[in-house]
Structure formats: C-alpha cells, structure tokens
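Next come two complexes built around subunit A: one with subunit B, the other with subunit C.
Moving on, here comes the complex of A and B:
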C-alpha cells in the first residue's frame, strides 16, 4: 500500500491540508479558464441585430394578392396600422414549414392572411396562423401587380432560410445555423439570400431556382456558407426576387 | 448525392446494423453473457437505443464474454492506465478543434460588390 502520510481526498470529510490548496487552486483555474474561453469564443462571433417574433403586436390580418415565386408572397392591397398597403410580405407556416400547400391554388388571387409578424431591423415577414383563419378567401378581382426586372447580376453572400433570418432564430445566419436552415428550406420556408452589399438599398432577397422553380438541391450544399453566384433579379413591391443560376455557385475564397 | 444525403445514408446504415445487432443480442446474446438478465425481458427494449449507437462495442464485449476471454480486472486496469493520457488529450483536442475551426472558416465577402451583368427588360404585369 502507499505511504500512510499521503493525503487522501474523501468527499464527506474535511480536505487534508496539502490537498486543500491544490483543490482551491485547481477550482480557481477551472473557473478562470472556462469564463475566459467563453468570453473569447463569444467575442469572435457576430452580434445579431435585435429580432424575434412580435407576439406583442398580436395577430395581424391583412388582405392582398398571393403570388407564387414559387415561394408564396403577399402583395398587400388592404393593410392595417402596422402593415401598410403596398408592402410585400414573405409568408411562412408554423415551425419549419412553408404554406405552399395552403395557397397553391391562389396564385394571383386575393386572400386575407392572419399571422404573427417576424421582424429583424427594417425587414419582416408573416408566420401564418395554422388554423382556418390563417388563409381566407376574399371576394373581388385582384388588381394587376407590377414586376420590375432588374437584369442579370453577379453577387456574393449567404443562402439562409427566411424565417430564421427574419427573427425566429438569433443569429439565424452562418455556419452554426446551417443545419437548422437546411431543415427549414426542406420544409419549404422561403429561402433568402443575404448580399455582401446592398442592391437598390436592400441586402436581402428571396431566391428561387431558374425560371420560377424552387431552390435547386445543389444550392443546399452551400447553405450557411459564403458563396458567389449569378442570377436574374426582379422587384415585386418592396421585395426583390433572385432567380439563381445553380451552375455559377461557388464558395468565396478566404 | 449531396452532402446531406451522404450523412443520412451513413446514419441509416449504422442504424440498420445496430438494429440487427440489438435483435440478436437482446433475443439470445444477453442471456449468454449476463446470467442476471435471464428470464428478465421488460428492460430489454429500453437498451435498444443505446445498442443502435454503440453496436461495435456491444459486438466486441459480446464476443469477449461469450468466448470466455474476459478477465474482468483488466477492464479497469486498462481504463486507469489510459485516464492520464485521455485527460491530457481532451483539452489539447478541444484547442486544436477550435483553432482549426477559426483558421478554415470563411470571412464575410464584404469586398465583393454586386455587379450588373446585363440590363433589365421591360416591366411586366
């Protein structure tokens, strides 16, 4: 057996003298190391803008024209105090789901939409109520809505899911959010491209595949990473739509 | 096949093999290697998730115990001997992983400005 004078730690007895200082020093170093590591790692991350679900506004009901890009957007024709007429809203469902199935027959038609606003800075979207009142038919003829082509562009930035980016998650961007964004996009939440620099005052645009198709599977490998790509840009109300050319996607250097 | 499909396929293959191992081990293997488990069945479904995850270790221990190669004190001696090195390697591995992550991560391409490649067409309604 070992030397009888070797100090031995027993949890429910007072610590032997020589071990006491060792334990105190080790505990102090442990706390200092983990606090320092936490602060250091946290300091290397980008701080997200204040954002989130605006349950404090309560459910918002607006009427407008549904357009399938193929991801649904609402061109508001009859707003309220918070959401003005003329605004364009991206629409998402509950959880990691879009509302494609609920509005697939409504392209170009009037609908009354009820939901909770998601807001990050000056951008926002609507999480549509899961009950029947979420999407309601409206009588009347939908007014014509203008689509303004902006030409073909080369851009750099990041592919995200619109719901998390607009406030459901913080930060909702970056590699750490990649898996969540992929699941949201698989669930048909509208995908959004965050541009490295603004175009016509906007850093964010809804992205689709070429010729009005959904985001191609090839783009899913680039979610949450910084990419350069080319695509055709258009403006619908205050939302820009980027129809990407998947052949041009590549990771940016550095 | 994209990256997500490859990862999903690996997870599926791992899970299917784990399910086969769980079926064999829980129907007759466990009776061979643990006499206390004989005639006890209710707890067996509870350890299925664990077997799905660590089925290679289950196969190894099942083989060692069933063939009488086990010398139980060795299990603890090996672990005690390795504690020192594993304890040293863990913090080093954490630092290496963090440093690698920081060194290979991309930087936001703020220097790349959007470029218009072709002019727009007329607006449509």
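Moving on, here comes the complex of A and C:
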C-alpha cells in the first residue's frame, strides 16, 4: 500500500514541494556523474605507439630495387634528403590495400616510387601514391642485393598489419583492432610480427608463409593475440623477414 | 493521456527532463572530445575517429546504465518515480549516441577496404570458437539493432498496437541488449587496456545495475503484495480499517494478476492494478480529483467503472466487492473493462470511548 506521506508526482502537474529538493539533488548528481565520467574515461586512455603518417614531409620519391617477399619491399639505391640510399622500405597502397598488382612484374627490378612516409622509430613504410607517378619504371640494371639468413627462431608476440602498426591507425594493434587488421591483411598490406623481445635490434618484422608464400589463412585466427611461433629469419637491408611455420603457431600467456 | 497520437505531448516536466538529460550527455561528450585530448597530450594522438568512437560508446554505456538503474531505484524509493516518467526519451537519445559510436567504428575500422564495409563487419573476424579474439562486434550489432527496434516502437501508438503485455516483453529486450553491451566491451576494448580506469568504471556500472535489480527484487519479495485466502471465489483483502482515504491495498489473485482496492471518501471500489497504458501499478497511485492516478505516467480512471474520463478511452477491469464482518472481500473474477460496480460503503467506525 502506498504511503500518504510520500510526495506523489504526476508528470503533467507541477512537482510537489517536498520532492523538489530531492529532484534537484538527483539532477546535480546526474550531471556530476556524466561530467566526471567523461573526464576520467577520456583522460586515462593509453598513449598509442609513437608512429604515424608524415604528411608534413610531403610526398617522397626514391628509386630502388623491388623485392617480392612476396610482399613488396623497396631497397633504396637512389634516395633523397630524408630517405637515404641503402634504406629498405615496406610498401603499401592506399586504404587497406597492398600494391602487389602494381609491382607483380617488378621483382628484382628498379622502380621509382612516390608516396607518403609512415614512420615508426627509424623504420619507415611508404604509402604509395595511387596515381601513375606512384610506381614508375626506371631504366638500368638493378644491383644485386644481399639477403642475410639468420637461422630458425622461436618468437612470442602479436601478428598485425604493417600499415596500422606504422601508425596509419592509432591505436593500430590489439584485439579491438583485430577486424581492421584482418581486412588490411586480406587486402595484401604487408603483415608484421611484433616481438615481445627485440631480435637483432628490431622489435618487429615482416612475416610471410613458408617458402615465400603469403601469410597462411590459419594465421588470421591469431591476429591481435599473444602467440608463439617458429620460423626462418632473414635480413634484407634494415628489414627483417620471418618466414613462419604455421604448424608452430599457438596462443600463449601474455 | 491522449485521444490522438502526436509525436510528443510536451509539458514542463518533460522539457526539464530532456534538458537535464541533454546537459549531462553534452557535458560528457564535450569534455571527452575537446578537453581530454589536451590533458592526455600524447606525442602521437589517438586518431580522432577512434577518440570519437570511444567518446560516444562510453557515453551510450553510461546512459544505458543510468536508464537501467531508474527502474529498481523507483521500486525501492518512490521519490525516484519522476525519473521513470520520461525515460523513453532517454532511451531514444541513447540509441542515437550508440548509432554515432557504430558509425565512427564502421567508417574507420571497416572502411577503406576492397569489400563493402557492412559486409566486412560480418566476415572480417569469424573466430566464433574462441573467447580471446571472439568477434565482439557481433554483440554490438545485436545491441544496436535492439536499441533501434525499441526506439522505433517507443511511441504510445506501438504500445497500444502491440498491447501493453507484448510491448513490455519486447522492451524487456533492453536487458539482453545491456548484457550484449557488457560482452561487447569486455571482449573488445577491455582486452587492450593498460590504464584500468575505464575498466573500473565499466565494471562498477555493470555491477550497480545487477546489484540494484537484485536488491529491488529482494525488497519487493520481502514487502511485496501478498496473496489472500480464497473461499468460494472471494478473496480476503484485509480489514475495513486498513485502507486510508485516497489510497489502495493491492492483493495478488490466484491467477497471478493483481487487484487494487481503493477507499474513496469512505467507499470501497476495486479495479485491476495494471494501468491500461504500460501496466503501471495503479494501486500504488492516488485518487486525485476523484480519479485513480497512475504513479508512472499519470493516466487516470474512475474507480467505480475503470474508465478514463471523457474524451479519453482507456479502460481497466473492475471487481465486485463485499464486506464479510470486518473483512473486505473481492471476487476473483474480473468484470469486463469499464463495467460499473456500485461502491461498497465502509461502516462508520465509532470512537473507542463510545463503544466502551
């Protein structure tokens, strides 16, 4: 049974006097909750990795040897002020796309590449210009490039897409980013492995399937998670390439 | 109450309700979107699209948490009933905030690919057999779809078209949507957090909703409406001195429905406890201007025939009453909605001194 002493509120009538202070207090608490929640949640977000597009550098044009790992990399033979000769760049297209179709006939050949730099520490990627100037044939003979085998390694870390790791998206790793990474990899953006321990001075490396094949589909189930795996490591310029053995991939405690 | 359907029947309290709600939401979003980036001062800032998505997502979760706290709070303390009054507007606004969150996510994480972004939402992650890495987006899609359905059917037209019991069951899906949102957040963003402030606020909110509902259920079970004894189709309501003027006593019928027995100026009448609008508890209302007034939205009924005053057309069933000695008894079979029943006058209670 209701109580006559409790103020009775009817929506289309003025609020009863005794209820007004209670409602004013409730309104104050409501607004304070939203203000403080916005502040605390917004101001305690994790800092993304220091990486990103360098539009401030403007489009960069360099010449070098294309190597298909099968994901294309460029070993710079004629650089500029920003990108020095001898540098190795991973290459990606615009959006969640690689540039495999544009350089599929160029393995071991010279090309002039124009694009925007994606920078993560001292390692760079180029987002290749979508227009014709993005990939231009260059006359001349490509010099031989050295590949240094580093043997078989057992590593732990995270599989993600190279472009987001380089800062195209911040944050660009983790489980919340998993679907985006999968779409990038489906689009042939170079996949990378972020190792929990630096290997030969680098904490991430381009990954491929065994024997120079693309990343096996089985690896997609492990994107964004902490996994252990084994593979054959090699160095091409300043980029490391890990040819993973899919049979060895397994989830592990982070 | 309305004799025709209009988008919103505005009144002063609804304006105040919506204004307070807007101030809270705008304050949250403004602080999150425009104040916190400078506080964070990251060398490499979070992408604006991700920052926006997080702002709208966190705001939608907070709004839904508050919405779901209103019901149990109003059951525990009747002073919270005004918060229930315009809760539907709060729900509709939550849907728009959640839609903004989804829009930022889809146009960022699922865009720029070779495939359609909506198709990509379905195939980009199909690891349904594992917990870590589970496609948590599917929970968000379910919750957003539910919110859209509830917002689209929130108007009284749908309430009347679907009937209150069906409408209420449909809108109970909000609890399933909330559970889906908890799963969406737990398997998504929470997995990547290094700073656990949001995790703490999120868990506190979810536990508050669960705890308040459990406490309100226990509160009602402890002091809830009782079942009376039934004899030859008549149910004992209580003693003739129990019901104050202008108030009611509620009893549970054998079929589980409730009846509210009102005392109006010394005469007893019984009507169904379920308001024809949203099944609000009429027995917890008051008689104002000779009309039973629902505590939820103020729908009114003549207590003798269960009819809303003209030109309104809402009706609730009435019940036959009788006095058996000092006991009030109500017949367990309801009369058709709108049936007039002659009120039963209470005997004049004489002061104790006179009896002595």
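One rule holds for everything that comes next: the second predicted complex is superposed on the first by the 207 of 254 C-alpha atoms of A that agree within 3 Å, B and C clash if a C-alpha of one lies under 4 Å from a C-alpha of the other, contacts with A are read in each partner's own complex, and residues count from 1 in each chain.
Note that in this section a residue touches a chain if its C-beta (ideal position, glycine included) is under 8 Å from a C-beta of that chain, and two chains touch if they have at least 3 such contacts.
This one's a predicted model, so the numbers in the text were calculated from it and none came from an experiment.
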item	value
Touching partner for A:151 - first (subunit B), second (subunit C), both, neither	first
First, second, both or neither for A:44, with subunit B first and subunit C second	both
Contacts of A:195 with subunit B and subunit C, given as first, second, both or neither	first
First, second, both or neither for A:221, with subunit B first and subunit C second	both
Partner chain(s) touched by A:251 [first = subunit B, second = subunit C, both, neither]	both
Which of subunit B and subunit C A:82 touches, first, second, both or neither	neither
Comparison of subunit B and subunit C by subunit A residues contacted	C
Partner chain in contact with A:19 - subunit B first, subunit C second, else both or neither	second
Touched partner set for A:180, first subunit B, second subunit C, both or neither	second
Overlap of subunit C and subunit B interfaces on subunit A (superposed complexes)	41, 44, 175, 182, 221, 225, 251
Interface residues, subunit A side, partner subunit B - complex	41, 44, 144-157, 175, 182, 195-197, 199, 217-218, 220-221, 225-226, 228, 230, 251-252, 254
Residues of subunit C that touch subunit A when the two form their complex	11-14, 20, 23-25, 27-33, 35-36, 39-40, 42-47, 50-51, 54-55, 58-59, 62, 66, 78-83, 85-86, 108-115, 120-121, 124-125, 127, 130, 132-133, 135-137, 187-189, 191-195, 197-198, 201, 242-244, 246-250, 283-286, 288, 293, 295, 297-298
Residues on subunit B engaged by subunit A in the complex (per definition of touch)	2-4, 98, 102, 105-125
Touch list for subunit A against partner subunit C, complex	1-4, 6-15, 19, 22-23, 26-27, 30-31, 33-35, 37-52, 94-97, 167, 169-171, 174-180, 182-184, 186-187, 221-225, 251
